[in-house]
Amino acid sequence: MFSPSFYQIAPVIALCASLAAVPLIAISGSRPNLREFWTFLAAGIKFAMVFALAGWVLAGNVVEVELIRVLPELSIALRVDSFGMVFALVSSFLWIIAATYTIGYMRGLNEHAQTRFMVCFALSLCAAIGVAFSANLLTMYIFYEMLSLSTYPLVAHHQDRDALGGARKYLAFLLGGSVGLVLPAMIVIFAIAGTLDFADGIHAGIIPDGTGTTLVVILFFACLFGFAKNGIMPMHAWLPGAMVAPTPVSALLHAVAVVKVGVFCTTRVMLYVFGIDLMDELSLGVITAYIVSFTIVTASIIALTKDNLKARLAYSTVSQLSYIVLGVALLSPMAIQGGLIHIVNHAFAKITLFFCAGAIYVATHKKNISELGGLGRVMPFTFGAFAVASLSMIGAPPVGGFVSKWYLLVGALDAGQIAIIMVLLASTMLNVAYFAPVVYQAFFGKPPAGEVLPTGVREAPLIMVAPIVLAAAISLFIGIYPELMMQFVRMVMP
Amino acid sequence: MMIDQAPALIIIVPLFVSLVLTLAGSLGPRVAYGLLLCGMAGSLLFSLLALGQVVTDNQAIHYRMGDWPPPMGIELVIDHLSGLVLVLVSACALLTAIYSLRTAAEDNPDRLNHYYALFALLVTGLLGMTASGDVFNLYVLLEISALSSYGLLARGRGPAYYATFKYLIVGTIGACFYLLGIGYLYIMTGSLNMLDLAEIISRPELQDSVSIKIGFSLMILGVWIKMALFPLHAWLPNAYSKAGITTACLIAPLMTKVSVYIMLRIMFTVFSVDYIFDSIAWSQVVIYLASAAAVIGMITALAQRDLRMMLTYIVVAEIGYMTGGAWVANAAGYTGAVYHILADGLMTLCLFMAVGAVIYRTGQTSLAAMQGIFKRMPITAVVLVIGAASIIGIPPTCGFFSKFYLIQGAAQAGAWVFVAALLIASLVAAVMFFKMLEIAFFGDLKALEQEPGGGHGHGSHDGHDGHGALPAVARQEAPLSMLIPMVITAASLIILGLYTKEVVNYFIGWSIPAGF
Amino acid sequence: MDEIFHFIIGKYNYWASLVLLFIGLYGMIAKNNLMKKIIGMVIFQTAILLFFVSIGAKRGATVPIIEFGPDKLPLLDATAYANPLPHVLILTAIVVGVATLGVALAILQKIQRVHGTIEEDEILEDQRR
Amino acid sequence: MKRLTLVILAICALIMLAAAVDLPNWADPSSPASTHLSPDFLEQGYGETATPNIVTVVLADYRSYDTMFEAVVVFAAALIVLVVLRRTPRQRSKMVQHRPVREGRDTVLRGAAQLIIPVMQIFALYVVGHGHYSPGGGFQGGVIFGASFILLALCYNLQFTIDRFKEQAVLFCVAGGVLLYAGVGAICLAMGWNFLGYAGLAGILGVSEVMARSHGILLVEVGVGITVFSVMMSLYYDLASGGDLDEGL
């Protein structure tokens, strides 16, 4: 409905909305309300832009904007296509919800250095949108690094001994992976392919045919393990360590923005740099599928053993992320759609779970699952949302998770990978094993010995519960009406 | 008229400033400071004019000294490469001059104008070396800049004298090897002008002459000693780290970079590409040396407790990058090496200024001085972060693009050792600077380490009154005269990074030697 | 046998300068006393000066000052005069040598004043304290 | 450690000996050094500068840019020694330097000095002035002139010499000489020729370009003479008294 030139500027505005908010937030540090207003304004503008672009992308055209031509053959450029749109919509919408939740959480616990917190929050969202809209591997790498750096102060927010250890591990893995593996891979790809721009379709990648198979394999696995944010097994150790951060950080970033960026980059590289045909020809897809399924299974088993609620959610994230990579690795159209839609479903479900963990902590200062006995009756809304989100994680019918699991299973069948189907079923069993007891104990269990439960309903403040319920509702809604996001995913297919 | 005299004026203006500063002994510090600024600004203006002229009509300026035709007289040659380095040297000198208002006055309470005279003399030497087209003239200017750097470094505290003495001895060995190399070339060719030498050396009968090879290896060995390439770098760290703040800001970024420029000039102007990479088959050994320099330099820097020692070892490592880039023998490697001269000059200047500001304010030079720097000196902290990002090679800064070209060149040439070394060096640099940022962010690490056991668990903390509020640290920012150059340098790191295309297309692309 | 003899006799100036060169270099690197290092440096520089000046000699040529024939016209035959260029270069190299020597001696005095000794090992010990 | 350096140096020596294979023999007229540039200097030198002593021509005209920086090197040495050694009055009192006491025992020395020094100084001026026609020039003359003052300081004492030639005057001459040299170059620049192109002086001096070059060379030699002379003095002042300028050797 707007003129085409508006759509040229829209991605830039979306990108820079939170960037522009950064100085404003920093200045209005002394007046919290004004500061929060800036965050909301930026979040609103960003979502509006992304939403407008969504309409335009649905109409079938791709927006290309070149910011700076950095090298004769390379430029920092934005490109809005349906693949990027899925992730952009999710992260910009969830930023609004997370912003409200964060304000409630920070005010509730009167955290120090809130201004720095909000500044880094805005910066990391700008980086997330940058990754979503990047047109070539260089731009994506730039925003990937920016995300790592801007989330460091968030992870190290408490500035105590645990924060120190967690932040150090966080940076070691992320920077080690990106500078150590992705940078050389990117440069060698540039050396052999002559360009880093993503291919148009997902079939033919940009790697020229003549390159030696060993080089392609090395490059592929450098990218796979280089993007350490995707939490694939050997490079996942930073994620549980980063749970030291305050809950809003672990909610938005480690359930949605940071990890999704990792998975998004990995899938972007797999589809648009290597391309399905090359992966099929060298059977890279199958190898990745097996690696990733190892992650799914072991992460779920570890999650079983964790009594701390956030640690269990962290390991569940590690295994759920690998679903997305598994979907794409299977290379069959249905599996790819399943993988991509899981980005959306997992985002909404996991953010609800982390919000619940935060709300429980604010209300009752309880962290471990064993202490949650009988709390369901005291905090019905929180635990209701928790139950809905758990269903989505497990993949039960009415909720979003079922859609992606369904597509994954059909895709695995098309690809004729019986072993993968076994892995999917086994992991579903494991999901049930580590989510169901939490819900059951909360509603029907007895409180731990010697502690009497307060009578009546005593929830966390409304400003925290509202986002929880909203997120759970959306998670339910995209389960019932998946077409909302599936139309984008379907456009990715050739 | 003024334009075609620009090449000579670039060098004469700082020389006259140095002489006037010595003559007028009774000048107040402010007047001496003002005079120095005018001198540096003048030479920057003329070098920009010269570079502009070179770019517009796309061929080198040959300025005949004393109106004598080249092989007889001496000529200044300003082409794309030397024009670029001239602008870099004069810009860094101007920024350091602006920076030096407070630190120079504190370092030398008396004889400030003599200190500034030596400052201007060093800049004259560096500019003269870059523009000179005559091999022997380059030796004389090499000695001038070496001598004035001995003088500036000897202004430091007690231990500086011994460090400067070692530097003097090693520097003289380097310069004399270079002179001996000129001797061998002069015997075999009879000429001293670079282009004339190149023409004679390329003649068939001299292709396999042993003396020319010995002459080349002596010259390169001498330049490597002056450049502190890895095995010969022992003198650089304690010489630069014992110096005053302003001296370190002037010498560290420029001296080694101009020596790298001289190496490039010798390799690609005096000798041709195929001569170096065919008849002198050193490139394999040199690439190993460069990789060792990069990795060992960075690892030793990581192990340092003193801030300036850390930065000087980074300089040693960066020299490894440039040498490797030049010896990888392809266009991308050469572009990476030249671009890295620019990038590294600015990066080192930015870091030395920021660390100088911290030392100026806190008086400590150990890593502990970094505690709570984000609150105390926010602007300095941001400059430090940008400098560190550039050394690590994080994208928007120019450090990333120079590594981009270097790795690309090394990959095309199949020098995987060098690629691995560059990556390891960047990783170690990342660890080093995040160690520094950790101290800055977390405050006193020692106290944190010994804190009584856990009890924090996940998520937020216990007390409701907010975390033990960190000690309210008074904001003690560096003085304005230090902040302006720091911010300009940090900004230039990013601007240079974003405008790499222009720098490569208009400057470095033209200077790529034939044969690549 | 005699062409090896010619080889040695014909290039005796290079041997002389090489021998001096390596004496000086050894003195600079290996000697413990700083003053001996400076002396080594001077020998090293003198060797290079000798190497350069010896290039300028020409058999049967006189000092490069133009003579005038009986009819007051200058005799401009190049082979009659020695090569002036090395002499110019050497004048510069001598001056540079003197300058470096002066600076080295000044710094040595300061080291003596700060550390009380000019023996390298004692200085290192003093620095460690 | 010492044996290691000895071995390395021996190896380098052998390599460089091997290089001597294709070096031209000593004093061989057909060697490249004697056939490439020097014949042009010898043939055109006199014609273009009317100065018979070709070494001075090459020194002060063809490669005068080099010689200017030579003078700057000497100037730098004096400046550095001054900056490093000379200390402010309040620092001087602390450091007691032991000096040999020589009272009344050098009448013979002083007598001889009074005879020699004037002759030396006249000869030095001759050497500077006569550089065009006979071996000599700014450097050689400057050193002899400086030596005469050092002889004075040795026979009498440093304070005696400093009274005759103040340290400020020395510093002024050090910078003044190089300024004269560079000034001549700058004037040529102002007159439209390139830097240090003495033909530019033809306009001012009202002589032909060739003679202007000859006079240019003389001016430059005088500049260098002043610098070298005062640098010798400054070096002696500082090194002999360790920067205190109170009592020499």
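Order as written gives the chain letters A, B, C and D; numbering starts at 1 within each chain.
Methods note: a contact is a pair of C-beta atoms (placed from the backbone, for glycine too) under 8 Å apart; a residue touches a chain by one contact, two chains touch by 3 or more.
As the structure is a computational prediction, the values presented were derived from the model and not from experiment.
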A correct list of chains touching both chain B and chain D reads C
Weigh C-D against B-C on C-beta contact pairs and write down the one with more.
C-D
Compare the CA centroid of chain A with every other chain's and tell me the farthest one.
D
Whole-Å separation of chain centres (CA-atom averages), chain A against chain C:
72
What is the distance, in whole Å, between the centres of chain C and chain D, each centre taken as the mean of its C-alpha atoms?
17
Suppose each chain is reduced to the average of its Cα coordinates; what separation in Å results between chain B and chain C?
31
Where the centres are mean C-alpha positions, what is the separation of chain A from chain D, in Å?
75
Overlap residues in chain B, where contacts from two or more other chains coincide:
136, 140, 143, 147, 150-151, 154, 186-187, 192
Residue numbers in chain A touching two or more further chains are none
Among the residues of chain D, which ones contact at least 2 other chains?
16, 20-21, 23, 31, 33-34, 37-38, 41, 63, 66, 70, 73, 76-77, 80, 84
Complete list of chain pairs which touch one another:
A-B, B-C, B-D, C-D
So in the complex, the part of chain D that touches chain B is made up of which residues?
15-16, 18-24, 31-38, 40-41, 44, 61-66, 69-70, 72-73, 75-77, 79-80, 82-84, 86, 88, 168, 171-172, 174-176, 178-179, 182, 185-186, 189, 192-199
How about chain B: which of its residues touch chain D in the complex?
1, 5, 8-9, 12, 15-16, 19-20, 22-23, 25, 63-68, 71-74, 109-111, 114-115, 117-118, 121, 124, 128, 134, 136-137, 140-141, 143-144, 147-148, 150-151, 154-155, 184, 186-192, 200, 209-211, 213-214
Inside the complex, what are the residues of chain C that reach chain D?
7, 10-15, 18, 22, 25-26, 29-30, 54-61, 63-67, 74, 76, 78-79, 81, 83-88, 91-92, 95-96, 98-100, 102-103, 105-107, 109-110, 113
Show me the residue ranges of chain B that touch chain A in the complex, using the header's touch definition.
389, 392-396, 401, 403-404, 407-408, 411-412, 419, 423, 426-427, 430-431, 434, 438, 441-443, 445, 448-449, 451, 454, 456-461, 464-467, 469-470, 497-498, 500-501, 504-505
Residue positions on chain A within touch of chain B in the complex are 68-72, 109-112, 138, 141-142, 145-146, 149, 153, 156, 158-164, 167-168, 171-172, 175-176, 179-180, 183-184, 187-188, 190-191, 243-244, 246-247, 308, 310-311, 357-358, 361, 367
